[in-house]
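What follows are several structures.
One chain, subunit A, appears in both complexes that follow, with subunit B as partner in the first and subunit C in the second.
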Partner chain A sequence: MKQLKKREVFTVSESSPKVRVATTSLAGCFGCHMSFLDMDERIVGLLEHVEFSRSPINDIKHCEPCDIGLIEGALCNADNVHVLKEFRDNCKIIIAVGACAINGGVPAMRNHFTLKECLEEAFLDEIGVDNPHIPNDVEIPLLLNKVHPIHEVVKVDYYLPGCPPPADAFVKILTDLLEGREPSLPKEMLHYD
Partner chain B sequence: MSDPMKKTIIIDGVEIPFEEGQTIMDAALAADIYIPHLCHKPGLSPHGSCKLCTVDVNGRAVSSCTMPAEAGQEIANNTASLNEARKTITQMLFIEGNHLCPSCEKTGDCTLQAIGYHLGMLDGHFPQFYPRREVDASHGSLVLDRDRCIMCELCVRASRECDGKDVFAISGRGTKRQLVVNSPTGRLVDSDIELDDMAAHICPVGAILIKDHGYEVPIGRRTFDLHSVSETDLDEVILKKTKHHDQEHETAEKEGGVYGV
Partner chain C sequence: MTPYSSEHLLHVLHAHQQRFHYISDQAICEIATRLHLPRAQVEAVTEFYAFFHRSPRGRFDILFSNCTSCGNLTLMQQLCDRLNVCMDQTSSDGLISISQTSCIGMCDHGASALINGLTVTSLSEQIIEEMGNLIESETPVSAWPTSWFQIGNNIRKEGLLLTEALEPGAALKAIAGRSSDEILNEITASGLKGRGGAGFSTGLKWKLCRDAASDSRYVVCNADEGEPGTFKDRILLNSHADTLFEGMTVCGKVIGASQGYLYLRGEYRYMLDALLTTLQNRREAGLLGNNVLGSGFDFDIAVVVGAGAYICGEESALIESIEEKPGIPRIRPPFPVTSGLWGKPTVVNNVETLVAAAGIVLHGHHWFETSGTWQSKGSKLLSVSGDCARAGIYEYPFGVTVAQILEDAGAEDVQAVQIGGPAGRLIGAESFTNHIAFEDIATGGSFMIFDTSRDLLAVIGNFTHFFDHESCGFCTPCRVGTTLLKNGLDKVCSGHGTAHDIDELQRTAALVSRRSHCGLGMTAPNPIRDGLKVFPQLFEARLLHQEMEPEFNLDASLEEARSLTNRDDAEAHL
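Let's look at the complex of A and B:
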């Protein structure tokens, strides 16, 4: 990985000179995070310039003020919406990562059915269901009637397509942002599948 | 030819010949100049529905697939503003259907997708329609997924003009339009369509599929892994969100612009 150069625009404060990145998976499969980690040993170089706020790879419970938020997955329940808004309130740059965040992805196939049909199939009618009832504990976030891409709820700054995007695409977009360039992808890294 | 009055048109500064009766698209295809298109196929009557082949002829926007070539036309094709408008059209096509490429058997072989790549499309920009149209899997060897149909009517024209049948049609109005099957039951199994028909294979997207033949080509060897939809492709895709016509209108409205008070 070529030497990353930090630019002032990404510096939160004197005491926190590293660029802060938060990541989350909403209605995602964690595949985009795995693809992110597929940058392999290049993550060592990245960590010299980046520190992570809330992310599934650490223990931080809430998104702190950050430079970049990587959002994987679509919106399928109320909790997804709260988390997404917390990220938007705290991140200077929001990147929609992967097909789900961009257009709902494969989970949006449930939009072909009503929510009632989906719940009844899963919890009442499916073969082998024991004690059939639709879970109704207040701890469980309610499902949205439809799955939605994240840009329908918050402003998105950049889109990284793919299911998942290639590891090289994560390296490219982060390198461009760290070096203060408008991010771009070589054509061969652009795919929707 | 020795004729000093040789008939030519100029596309992006390149002078190309045409024959009487050819459209701008015909002449461009013959000269290996790529004009993005989805609903056009040489040999079938032009349709003019996808609007991707819009070019500027002497400063006026026209569909090149229906516009006759005329000597002296100065045509702009591969320009930033036309490609931006084409990208917006492609985004409209994506959000109007359920184009979930990761689970589609046509991915990598789909012209709509390849045009998305060609134009550097990253997202759908507009709110998703998420249509709920009926899948017809009644036929033994074909399946019809209407949520992916872009209503280019290539199948309609192929069936009528080449197969000598009349299997498909578009029915309904506005956003309720959809592909229908001309059979007593409206189902594919009760129509005249056969696997050898051109209509069974012409679909540029994943709406008409051959059963039991999905995912046969390894990733990296599919049609558009090996070839781009044009030879004049972009090298790099800028990830910055570009301004849309609808946003320009919003701004204009706020400023009391084109739409007045």
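Let's look at the complex of A and C:
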């Protein structure tokens, strides 16, 4: 597993009093976001220093220029790619959060099959399928042949492993960045057995 | 102990593969029952070695070397086109299968291949055309022109070892009546160091083995010469086999072993019969077997033939292979000198080391130590190949400069030299004044020359693919890391790399070399690291000047979904 790597240390910009953070879940289960909220009352202290741009927490639809982007989930469709690129274009620091973003995780289990096999199983062959056809509405984003971790498409600055990463790990990595330190997670936060 | 046991698992599988062209599930069960081995072990060994197959190969099974010196994949494609088959796919009538294999040690003979395990060299378009005809008419390989199978020695320069034609038994007679300590002192005083590349003191290795507490010990000769560009052991096995066996016998006498093994790489199987004849002659002359030369010392030598696994050149993997297991390196320590073959103290020495040892006990250590440098005594056989007028074997005293070798080999416009094979070092013109010696540029013997007409990134790519293919898969840093290095370098070579990819290559290279289980992984990133250090401009010239480029084609990745949904709108593209 890739660990936190040395990049330029984040510093708070002078123009904005608060550090701006955006978050999103691509092909993920929102479990990482739930774990983020598990920091409980500590989020009050955090909000004294940060404000949220695009995030499922506030339902803002597009990412504004930000300091930190937290990305949960892998890339499974064209929309995921657009969202990820929007984040990369707007965030100074991108953090890959959780097993799916880092190495594909559960969504990547479909990589053992062809896309055709997956769609036929779900929409044609499964018992109880009504009106069997593979959905082709233009509103529906097309699926990628294979599920990919996000670092294969954009540059990722830091990796926060775990399924999900514990709330303490979110607090630690954000605190380190807010205080201008190179993030570093102690071994206890990287141990899952 | 028979000199070539037909019951050894590797030999049984080889015979089966030759006869039936693959190892079926049923065959695995039968072989396991017959040899009293676990079924899982037979299956694991079958899967591990490249020359055994679980699905049928052709009656003509052809493996083209993909080495930068003895490979020519254009010729392979020519034969594929001629016979209308694809690489790695056995033709539907079971006639032919064509694949690639790692260097087969014929770098001084031009493009080469293995046909049903036999070596053909000096391939040309014309020979490929004739070969196509012979295969189509199903002419057995035994009836093919014998000239195709001729393998010469190409000795270009002789030194201490090669001028020496040791009379069989001469070294054994020289040590008759001398104690183990006296012989050991002779070897140690000569300063002989292992010739396989690592350069461990031979005298010390023998002493450690002799002094390890045990009721039995073994001598193993490592003739698994797999490093691309190396073929010196081939020459020694061909013309100095007697001296080699003499060296093994001397070692056996010193350490108190009664059994020796020669582990011969599968690619050199064509020499097996001659080696067995030499062993038989020695046995008849009283130089092997019970009571060697009437001294009361029993010693015999058996040959085990590998089956296409570079990793078996690593001594503990080689030991595992002799023990009829997959060639996965052991955790060291304990080192083989204390716990080797079947857990017994074992000396594993390179062919060249044992040949030198025989000479030293015959002539005394002065004969040896007057040659070479202060820290590197004696001579070194170099396998010179690549872009030069005179490829072949050159024996030099240690301390010779790279420039001298290049001049002797008739190499012009040299861009780079890979010394010690892909696991060794890649050097440019600024290092040609350096010396071949343990204290300067150490080498197991491979010396590959690349002139300015070569695409050096393609050469580095070849080496990187080699390690990816040969990683035994046991440890994650090497198994995954060699593939990441291959993918990363391919991306740069194909013009899609960015500065970020170079950073990632450097980072992965450091991790793989630091965290791998054995020497294969530790040295696998060398071509990339040396390349980036010595020829950074070659990498720079291929880079895209942007921060990051995806590792795959995003739009192509939607192709399957587009065809399943019949969509081609703007949203259906990336």
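Please note the rule applied: the second predicted complex is superposed on the first by the 175 of 193 C-alpha atoms of A that agree within 3 Å, B and C clash if a C-alpha of one lies under 4 Å from a C-alpha of the other, contacts with A are read in each partner's own complex, and residues count from 1 in each chain.
Please note the rule applied: a residue touches a chain if its C-beta (ideal position, glycine included) is under 8 Å from a C-beta of that chain, and two chains touch if they have at least 3 such contacts.
Because the structure is predicted, anything quoted here is derived from the model rather than measured.
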- Message: Please determine, from the superposition on subunit A, whether subunit B and subunit C clash or fit.
- Response: clash
- Item | Partner chain(s) touched by A:Ile134 [first = subunit B, second = subunit C, both, neither] | second
- Task: Report for A:Glu152: first if it touches subunit B alone, second if subunit C alone, otherwise both or neither.
- Result: both
- Message: On the A-aligned overlay, A:Leu144 touches which partner chain: subunit B = first, subunit C = second, or both, or neither?
- Response: second
- Query: First (subunit B), second (subunit C), both or neither: which does A:Leu119 touch?
  - Reply: second
- After lining up the shared chain so the two structures overlap, which partner does A:Cys32 touch, if you call subunit B first and subunit C second: first, second, both or neither? neither
- Message: Once chain A of both complexes is superposed, is A:Cys63 in touch with subunit B (first), subunit C (second), both, or neither?
- Response: neither
- Quick one: classify A:Gly104 as touching subunit B (first), subunit C (second), both or neither. first
- Message: Quick check for you: in the superposed arrangement, does A:Ala78 touch first (subunit B), second (subunit C), both or neither?
- Response: second
- Chosen between subunit B and subunit C, the partner touching more subunit A residues is B
- Item | Selected from 275-283, 509-517 or 563-571: the stretch of subunit C that, after superposition, runs into subunit B | 509-517
- Query: Do subunit B and subunit C land on any of the same subunit A residues, and which?
  - Reply: 146, 148, 152
- Message: Taking the touch rule as given, give the residues of subunit A at its contact with subunit C in the complex, in rising order.
- Response: 5, 78, 81, 114-116, 119, 134-136, 138, 141-146, 148, 152-155
- State the interface residues of subunit C toward subunit A in the complex, per the touch definition above. 500, 507, 547-548, 550-552, 554, 557-562, 564-567, 569, 571-572, 574
- subunit B touches which residues of subunit A in the complex? 96, 99, 102-106, 108-109, 111-112, 146, 148-149, 151-152, 156-161, 163, 173, 182-187, 190-193
- subunit B to subunit A touching residues, read off their complex: 94-95, 98-104, 107-108, 113, 116-117, 120, 122-125, 127-128, 130, 132, 147, 228, 233-241
